[in-house]
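In what follows, structures are represented as structure tokens.
In what follows, chain A forms one complex with chain B and a second complex with chain C.
So, the complex of A and B:
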């Protein structure tokens, strides 16, 4: 008898505790400091936010670390559909912004004064958070201009020069194979849609466009076809590899010197340093090979912004915080130092990026080179279904790379176009 | 992904010896080993154990050695790796271990109790709609938990419980499979006469269940506990969907996050591998500890996982 009473009591206590936690988790309107939650995946971002929290007792920000860009956005969209559970702030890659806007997940920050920030950023970057209109859906944090990384020691050993055009890149790729069949100049990665998008951007592509009330899709056009044809030719010829990046094999290749160059982006030192720490001081960076050497260009791979979700009750305080985080010289310096990002704010970037990253101690002018390259980023517009196009890239180019056929590469671009247009129409957008 | 595989293979590895013992035990089948059967079993064992061996060896390698030395050649960096893993974001890994222990420990105990109570009621009481309840339950056994994760998320969001410990604990307490097993155990191990006798003595129903039926069902309950413990320990989808704060993550979601830092950050392979190794140790320990409670006769007939 007593025993069962005790069990009942325990149950009651447990239920009460459950209800109590449920309530305290839900209510957010009590007096005191404004509390903001921030979903982000930039490494060690919480340490940068600590600086803000110490100086601003009235606006306290809690970083909840996420697993990279895709999962965080998927979770955010689920929470938006569910009606609650979204954070106040979200780290969003530029290609995700149109998707988030069309799902009504991001608050327009123009009414609370974000328009004043336009002058801090390069036009190309700013247009990707405004989508070309008067609204401001996020504040840019970092960008990822693409660059060419190469092993200086192996280039010297094999008597190679750094390719400045894509024709030279192809010649160099052949020369590497002729000199040492265990080595590759590069790989075509069917896993990294962002990488291919950046290369197409360099060639002059802009996959989406807004025409009045309608979207246009320009995947299957000359610039992207040219890029696909170029890489398809090299893969078919066998002078570059066809296995994806970011795999254990790829890492092994970076370590043992069988991958002697990489078309990466400005955040590359972190990746190279993390995967092949023993090769520190052996790499150098140069601009990407060019299609037209007289007008240097590059694309973006990666880069993200900070947005405020529609579920946040404090957009003004949130904007105050993200303005500080992404444009204040002290904060930007901390972002560079602690999180290792390449800041989008041009003025603060120049002052924060004086010293080359440790992995590139052999190239003291690393960030000068990067700044020159960053100026040549071509404009590019993302559409509301960039995720669909990206997964179409993964599917179609995986098959093409596997088949090692140039024709299949060109066909894959056409299929990407079709999948993108079909999906837009199915979602109810007008496509011209 | 190899690390994930190894977690599962480990779980499987620990079950077969029991069924094996049963076969060679009582029923008079010839004891001469067939070479083909032995070869097949050895292959199966190698299939299950190789990933574990790989994790064991790889966790002793430094980051640079991981991709550059021979796969099965051990190195000497195990403790460096554990130290490195322990300092990641201020010891977050150990927090994940504690979270998993909480989710799996509390969740499995609660789930076992609920299963036992429901199973006992289904086996020993007559009430209208019992057949329907049991049929719905059987259908529940057939629905994989993964499918329910998103509806459960939406439900939890209604109560504003997402991104809390409760969001992972509560859905795992109800286990149709556990209830189904408990019903079988209760029917087989608690004689109606005992219950009748207790009622005649004036015992209340809950008292009979707690003090008389539960001890009789104990070996079966250990099985349910182990199943649900391992199930929750290895569960990925539910916490992955429910949780946004990495301080609440269980080990599975935490390790997945270490591997998927995004393109701009190198994946922390050595930390993930070392973490995977550490995360299976408690599972092995709990199996070894509870193995003796696992009554072969009961489990063998009913358990077909």
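So, the complex of A and C:
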């Protein structure tokens, strides 16, 4: 009896100890090198960081690998709410920055001198990290200018030319169906909000804006309506597909030649190489079809930045590191080489991106084309509830795409606007 | 303790017994609690506290001032029953509840019916290769729902599915499982595939517990196998049927993994297709844990009420003999 009592007591103590250790986190400024933790999901980023750690014994950075953009941000917001547990540095996609700033998760880096970096980046990219003000909430790392990928061999075989305007794109889509009903020029994907946002950006949309002390929401305006109407028309006509991207079926279609083009972004070679390995050397890249051929434009799909969290005790050292990581020629070259990103820093990008990706061995000037396209990215402001707008896109456009109705596409834009505004107002934002 | 032995005791001995008794009493009171402590502690830490916190959160909301940028712009304030009103009047929520009710109506009778049929077949005298069949039927239960959804997802996509390939080759029109009319059945099918085995094993085990004399008696009375199944076996295993129904109903209300895994493959599954998917979306995609907490409480209460009412109705009949 007494023995079991003691065992019970021991178990209780052990449980209590387990609970206690679960709650405690390492803290306190110990002497020695400054230690920074970095949550990121870019592949093999730790190898790039190793270069820094070897050269800078005073500032040691540890990469903690994350699952991806969404889970990392969810985790960070939880840590911010809890008051501890956040890393010093975070990889944040551009559309997440306003959300993070509004949750007080990112430190303004302007007071420690980040404003000097403005000249390194394209205006469209820089405005995403400043939210159009004097603050600097992150340093851009990579960007995803949208481009048009197509199967050169099939285009030749079917006698097609590369569409330079969206009207030509529609004509080409019809021609493909007429020539071979097993093939599609493209698909409208209700699953990829970032893709649709990029296409709207190209058309001149900027879904949020700041007007004094109020936010403006401009989803349901002419540029986005135009994009929705265009794709809705093609889907209703049946000349492009209405099923999502990134499904096993879509992958198989890229590989077997039933998908002959893709409105993707500069990181496309990785996707195509991974999903359609049999087609290496058969694809080519061109600028997106244009709304106005005389003023070429494109949008961004993807891309991310490095921010410093409000829980970091070393914002200056953190900025020193992320400035190196994202603008130093050696670091940017390593990012391109090991992590396979398209750098946002324009000067270092030019020197780092000399050789075309292996999958595009047939197009040696791949990155020259990309650099020209990247210059045409239109400015775009994200708002504090981009997450809500994106999930509204998924639901509303999924319904519209399933219905194959152009009118439903246009209605979906209006519903996205309403959901976005309602959410902002519910949280207490002033919306104009 | 006899009178003689008490008389024989000296004072010292008596004092010793007294301390013993006091110590015994203390041990007797303390030991059970000490032994329960780990359980109580874990229950409080991982069940009671989160539930209370969820309850607390469900009455809160965020309040943003100005542009909502920078420190202190976002505060948590008391919301009253606002979140509950929103949850209960939200057409998306009502639609998701309606969907799982329909899903349950399709799934539960089919799943339990098949499970009962298989259990009775395996239990019948003429059954052959019973252990192989039992394992074969049970095995899908061992496959996690996410994996089985991925597997079935491949089979449902016309472009990569061998079924559609065969249908095409024969020249038949294959139904589009992922279309808006059929997707519910597609998901029910995944749950059916995974769930029949578990329920069958529960029923089969209680069938095995039936004393064989009852069957002998029935056989002497001239009952056929079918009659025995309908008149003897099913009534006797009624408690197992009640339990599996209850578990299935709760699982139905909580369906999440299958539609979430299939969602990226099709336009027909929204992010609020089931109540739990909506709760997940509100909490983690829309970053609104407050309304997600309110919806969670509503679902938990509904589960509780449904379970209670169901047991109330069937308990008398199922467990009647035991009372």
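The criterion applied here is as follows: the second predicted complex is superposed on the first by the 406 of 432 C-alpha atoms of A that agree within 3 Å, B and C clash if a C-alpha of one lies under 4 Å from a C-alpha of the other, contacts with A are read in each partner's own complex, and residues count from 1 in each chain.
One rule holds in what follows: a contact is a pair of C-beta atoms (placed from the backbone, for glycine too) under 8 Å apart; a residue touches a chain by one contact, two chains touch by 3 or more.
In this text, all values refer to a predicted model and were calculated from it rather than measured experimentally.
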First, second, both or neither for A:77, with chain B first and chain C second: second
Partner chain in contact with A:176 - chain B first, chain C second, else both or neither: neither
Which superposed partner A:129 touches (first chain B, second chain C, both, neither): neither
Chain B versus chain C as contact partner of A:277, first or second or both or neither: first
Partner chain in contact with A:199 - chain B first, chain C second, else both or neither: neither
Partner chain in contact with A:398 - chain B first, chain C second, else both or neither: second
Partner chain in contact with A:428 - chain B first, chain C second, else both or neither: second
Which superposed partner A:246 touches (first chain B, second chain C, both, neither): both
Set intersection of chain A contacts, chain C complex versus chain B complex: 1, 4, 8, 246, 248-249, 252
Sites on chain A touched by chain C in the complex: 1-2, 4-5, 8-9, 11-12, 15-16, 19, 70, 74, 77, 98-99, 101-104, 108, 131, 135, 190-191, 210, 213-215, 242-244, 246-250, 252-253, 258, 310, 384-385, 387-388, 390-391, 394-395, 398-399, 401-402, 423, 426-430
Chain A-touching residues of chain B, taken from the complex the two chains share: 63-64, 66-68, 89, 150, 153-154, 157-166, 204, 206-207, 210-211, 240-241, 244-247, 256-257, 260-269
Residues on chain A engaged by chain B in the complex (per definition of touch): 1, 3-4, 7-8, 18, 21-22, 25-26, 37, 39, 41, 43-44, 46, 64-69, 71, 75, 78-79, 81-85, 87, 144, 192, 194-195, 246, 248-249, 251-252, 255-256, 265, 267, 270-271, 273-278, 301-302, 341
Chain C to chain A touching residues, read off their complex: 27, 30-31, 34-35, 37-38, 41-42, 45, 61-74, 153-154, 157-160, 179-180, 264-272, 281, 284-287
